[in-house]
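Presented sequentially are two complexes of chain A, the first with chain B as partner and the second with chain C.
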Partner chain A sequence: MWASFGFEFVNFYFIPGLVLGCIYALGAIGITLTFGILRFANFAHGEVMMTGAYFTWTISTLAGLWLGWSLHPLVAAIPAIFAAIGILMLIDRYFYKPFRNAPTIMVVMASFGMMLVVRSTVQFIWGPNQLTFVKGIDKPNEAVRQFTADLDLMILVPNKHFWIMAGTVIIMLCFTYLLERTRIGKAMRAVSDSPDLARVTGIDVEAVVRATWVVGGFCAVAAGVFLAMDIQFLETTMGFRMLLPMFAAAILGGIGRPFGAVFGGLIIGLAEELSAYPWIGDAPFISPGYKTGVAFTIMIIMLIVRPSGLFKGRTF
Partner chain B sequence: MDQLLGFFLYFLSLLTVGGIYALLALGLNVQWGFAGLFNVGIAGFAAVGAYTYALLTTDVSPFHMGGLGLPLAIGAIAAMLLSGAIAGVIGVICIRLRADYLAIATIGIAEIIKLFLKNQTELTNGPRGINKIPRAWEHFTEERFYTSAPMSWISDAAGWQAFFDSLPRWWWQPMFTLTILLVIFGVYILLERARLSPWGRMMTAIRENEHAAQAAGKDVTRRRIEAFILGAVIMGMAGALFAQHLRLIDPTNTFDPAKMTFLVWVMLIAGGSGNNRGAILGAFLIWTIWSGSELVINTSIEIIANYQDMFDVGVLRTRAGYLRMLLIGILLQFILQRYPSGILPESRPAAIGKQ
Partner chain C sequence: MRKIILSSIAALAMTSTAFAEVKIGNPMGLTGPIPDLVAPMAKAVDLAAKHVNEQGGLFAGGEKYTIVRADSACDPVAAVDAVTKLININLVSAIIGPVCSGSTIAQAESVSIPAGVVTLSVSASSPAISSMEKGTDLVFRTAASDAYQGIALAELTLAKGIKDIAVSYANDDYNAAIAGVFAKSFADKGGKVTANEAHEPSKASYRSEIATLGATSDNLALFAYYGSGGITVMRNALETTAFKNFIGADGMLSQEVIDQLGAENLTAVTFTTSASDDSTAAYGAWKSLADAAGVPAADPFVPNSYDAAFMMALAVEKAGSGDRDKIAASLRLIANAPGEVILPGEFAKAKKILAAGGDIHYVGAAGPQDFDENGDVAGRFSKSVVKDGAWSAELIK
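What follows is the complex of A and B.
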């Protein structure tokens, strides 16, 4: 059973799907927060992920050149997160804030423009070619392989996948604490539920907006770095490629529902990877070229059947 | 003299591509300017038009399916119909939801169209694209056209060959440009009529206050879907013309979703959304700036290269295109914040009896 079916399924489809799902989940948190709190679909979100990964690459490369340190990407990501959040704040101040009281579609348009501005800036600075993020092949973790092989359930997981999954769980726990226990987290939920009511009760909406960018930016850079660790290279379109699945995840989980977004992200990631599994016959069920199409189809079905998402999010 | 001819041909090509973009902007104006529908999948609809046209009109080819060699007009009409049909499906699903969802869905459909064109290799030749697409007027010089009816009624192959040899090599270029300008003029006249008609007034009412329009008994969803399809039909037409202009189309570079869609948006916003003349003006203006900035940036890079040798200018050369994109993006943000109604703001039709 394991040798004929499970080994291939778990190692080559399920675990990669889970890892991809973690990345989508982190990205979708930012999308769903901006959609819920600032009330617009942020098209520039994928570019923040991409920029964060480029910052991380630059920091670890410079640390290697100047100091001779070889930083783990997750260490180099910490200053990158601060830089990305700073840029997000500037973008919000100069490009989104002027439209705070205008029809929301103006901000959507501004964010669509920012998507290209950010991407072309990155392309101008770092050039259009792919950059190697992590060199070499990450071998499956030997201890896990040995242990599970003894149980006849051999599982091959490279260390990078452990880092990604553990990182996602830790970020999720911190995020839960933030939303459920802290003052600003409660304020965020309040604004998401009803901005007018929140303002009347004395919540500082601008502070909530800043917190949204901090949390969204943090998760986006984490997602970008995780993605770069997974695919091991950087390219300037990596953010745009993530955008559609992240929107799909946010809509699937329900707009304004961060935990829904995480769940949606896992579902979308799994669905994309599992769609290539040879369910019928030997050929992939759906050609891997159409992976993005899977996310899109799920999103369209959701919009037809239940636009509020699985967890009763907001519909506009 | 040769130089003058060069300028003339450059001017014609500005008019040609600017005109194709003007058609796209007019299509977007129906969707956004009239009905307030946010479409960021323009490149997708144009790609559908271009590929439909290409597959129907090219000669038989071993690389892709079809190559039916149909008349050019049939190809263009099919391009419009298919583009409109896809818009209809999207519209029925997404238009009752808020604009953001339509934006996500349209950017999604553009991606899916690109995926389809890239992966259905036996149909579209995949990433390598389709070439030898017949271009209006120039196509008369192709053998398969002048040896078949109706051209073969007038003269035989040798006669036509001699005739074409007697013309200058670029004879078709003014004709092609003129055709595009005529198409724009026709579309403009039709859209102006639509705008001033009860239908157009109803669109404005729906855009400005959906609930009031609904209370007045207007079928909001249906009207919006109509506007969305009409816009997509025009975009399909523009796609077919774009395929003619390029003669070689491929899914990734020709229809770069972000670049093409984004340029059309900048054109419409700069020209003035809601105003058909504004859309045309914006398209020609932004296209001139866009292609002119290439000259300016390349010239300045050469100047930098002449006066210093501290760093390698080749890097700048390969990245100049991104700088252009960056500047045009900043331009959009500037216009959006400072002049949201554009150069030619929308003018509402006067109430009946007051004209």
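What follows is the complex of A and C.
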């Protein structure tokens, strides 16, 4: 049973889908928060992911050059997160804040422009060519392979995927604590539900906006670094390519619903990978060439059938 | 006073049009996605024109062989604009160029074929160019069709003892075309194509593609560009150890592949690319000319560019005038056997033979440039494997 069905399904479709889903989920959190609290679709979100990954690469490269340390990407990501959040704050202060009371379409366009500015700046500094993030091939973890093979349930997972999945779970737990237990988390949820009502109850909306960028930026950089760990190289459109599935995840989960975004991200990631599984016969169910289409189809069906998403998010 | 100036300018203009020269249009992708590749190609075209003019120019009167350059930007729309201007305003006798397949096809279909002007492309390699003409004989090229590379690769694969193979190709014109030729030729020659799947370029993960393909064969033929997904496909394939052997074409032949994946993981990888046989006398002649002029002799399609410009001059010389209708026929006469062999740079020798009524057979820097009925040349290919952390090429005999 395992040899004929489970081995291939779990190792080559389900686990990769889960890893992709984790990356989508983290990215979608930022999108859904800015959409819910600041009320605009932030097109520059993918570039935050990309910039964070570039910062991480730079820090680990410099640490190697100057100090002779070889930092794990997750360690180098910590200062990178602070740098990326700092830049996000500056962008918000000088580019988005003037549009705070303007019609939504203006700030959406501003974010589109910001996307191009950030990407061009990165290309200017680091160049348009690919950079190697982690060299070589990450073979499946031997201990896990051996242990599960003895149980007749052989699982092949490279170490980088363990890091990505564990990292996502830890970030999700912290995030849940922040939203459910802390004052600022509760304020964020209140502003997301109704900004006017939140303001009259004395909530500092600007503080909530800053918190949104911090949380969104943190998750975006984590997603970017996880993505770079998975594909092992950097290029300047890596974030942009993830943007549309992340929007699909945010819409699927319901705009302004962070847990919905996580759920949506996992669903989209799994749906993309599982759509190529040979469910009927030997051929892929849907040719893998059309994977991207799967995320869009889900997004469009959701918008038609249930625009508020699975978790009753905001509709516009 | 103004009248005098105007009339003298007009007189000057008339003398300049009356000045004896043959103009050849040369649209090149000077801007666009591959300017770095095109710059030395343009230099090679200029070098050929320089050699022709230094060795007495065209015809008995020593008319000047003039290259009129334009920018086709590796873009179909820009190419059509550039060639329209070259044909209708500059009144060129023929076209050498467009670099990219898309711009070559577009300008030929909508401008040069209707105008009855010969196009001799220097690097367009799409198989679609072979079959684009109906009833005319106006499109030629000095670069081998990808169709030949697909066949060469299929033969190479079978020669390595690989009998069954899974094919994965990026969903774009170039890679889909060469994958199609490879799969057909591999099957015709007795191999078995176990799966033939497209993949979307630039995705974060290709694991499900690899799983589907890996279940069918231990060998993978990969047709992709290294910069848009090819490396990720290779990485996912190596991670799962689904494949033992990899083969592919020039889209993957980059140092970047070795730098990212590590040479130790690429021991069973062979990629092909078009190449010149550097042991021939023609290549030796080209190399010394190119080195003397500071042109990189071995860069992609640089020898092909020289050949195109040089052959066009020979064709015009053979035709005896810059008449557009005569060039196609004389291009075939100077490029194909029989005749006395002419090597790169030997314009004076060729001119003398032609003046005496003899036949010539140009053997080019990039290889013999004998045109078949479609105006295609055979070309040579090399296979590259990783050796000491770099690609090491060897000509396929």
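Quick note on the criterion: the second predicted complex is superposed on the first by the 316 of 316 C-alpha atoms of A that agree within 3 Å, B and C clash if a C-alpha of one lies under 4 Å from a C-alpha of the other, contacts with A are read in each partner's own complex, and residues count from 1 in each chain.
In this text, contacts are C-beta pairs under 8 Å (C-beta built on N, C-alpha and C of every residue); 3 or more make two chains touch, one makes a residue touch a chain.
Please read all numbers here as calculations on a predicted model, not as lab measurements.
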Clash or fit (per the criteria above) of chain B with chain C on chain A: clash
First, second, both or neither for A:242, with chain B first and chain C second: second
A:95 touches, of chain B and chain C: first, second, both or neither? first
Chain B versus chain C as contact partner of A:290, first or second or both or neither: both
Chain B versus chain C as contact partner of A:276, first or second or both or neither: second
Which of chain B and chain C A:70 touches, first, second, both or neither: neither
Contacts of A:182 with chain B and chain C, given as first, second, both or neither: neither
Contacts of A:146 with chain B and chain C, given as first, second, both or neither: neither
Overlapping segment of chain B (options 95-103, 167-175, 185-193 or 203-211) - the one that collides with chain C in the superposed model: 167-175
Chain C-contacting residues of chain A that also contact chain B: 287, 289-290, 292
Touch list for chain B against partner chain A, complex: 36, 38, 40, 93-94, 97-101, 103-105, 107-109, 111-112, 115, 118-119, 258-259, 262, 265, 269, 315, 318-319, 322-323, 325-326, 329-330, 332-333, 336-337, 340
For the chain C and chain A complex, residues of the former touching the latter: 171, 197-200, 202-212, 214-215, 227, 231-232, 235, 238-241, 256, 259-262, 264-265
Contact footprint of chain B on chain A as seen in their complex: 35, 40-41, 43, 95, 98-99, 104-106, 108-110, 112-117, 119-121, 123-124, 127-128, 240, 243-244, 247, 251, 287, 289-290, 292-293, 296, 299-300, 303-304, 307, 315-316
Complex interface listing, chain A residues touching chain C: 8, 11-13, 16-17, 19-20, 23, 129-130, 132, 135-140, 156, 158, 227, 230-233, 235, 237-238, 241-242, 273-274, 276-278, 284, 287-292
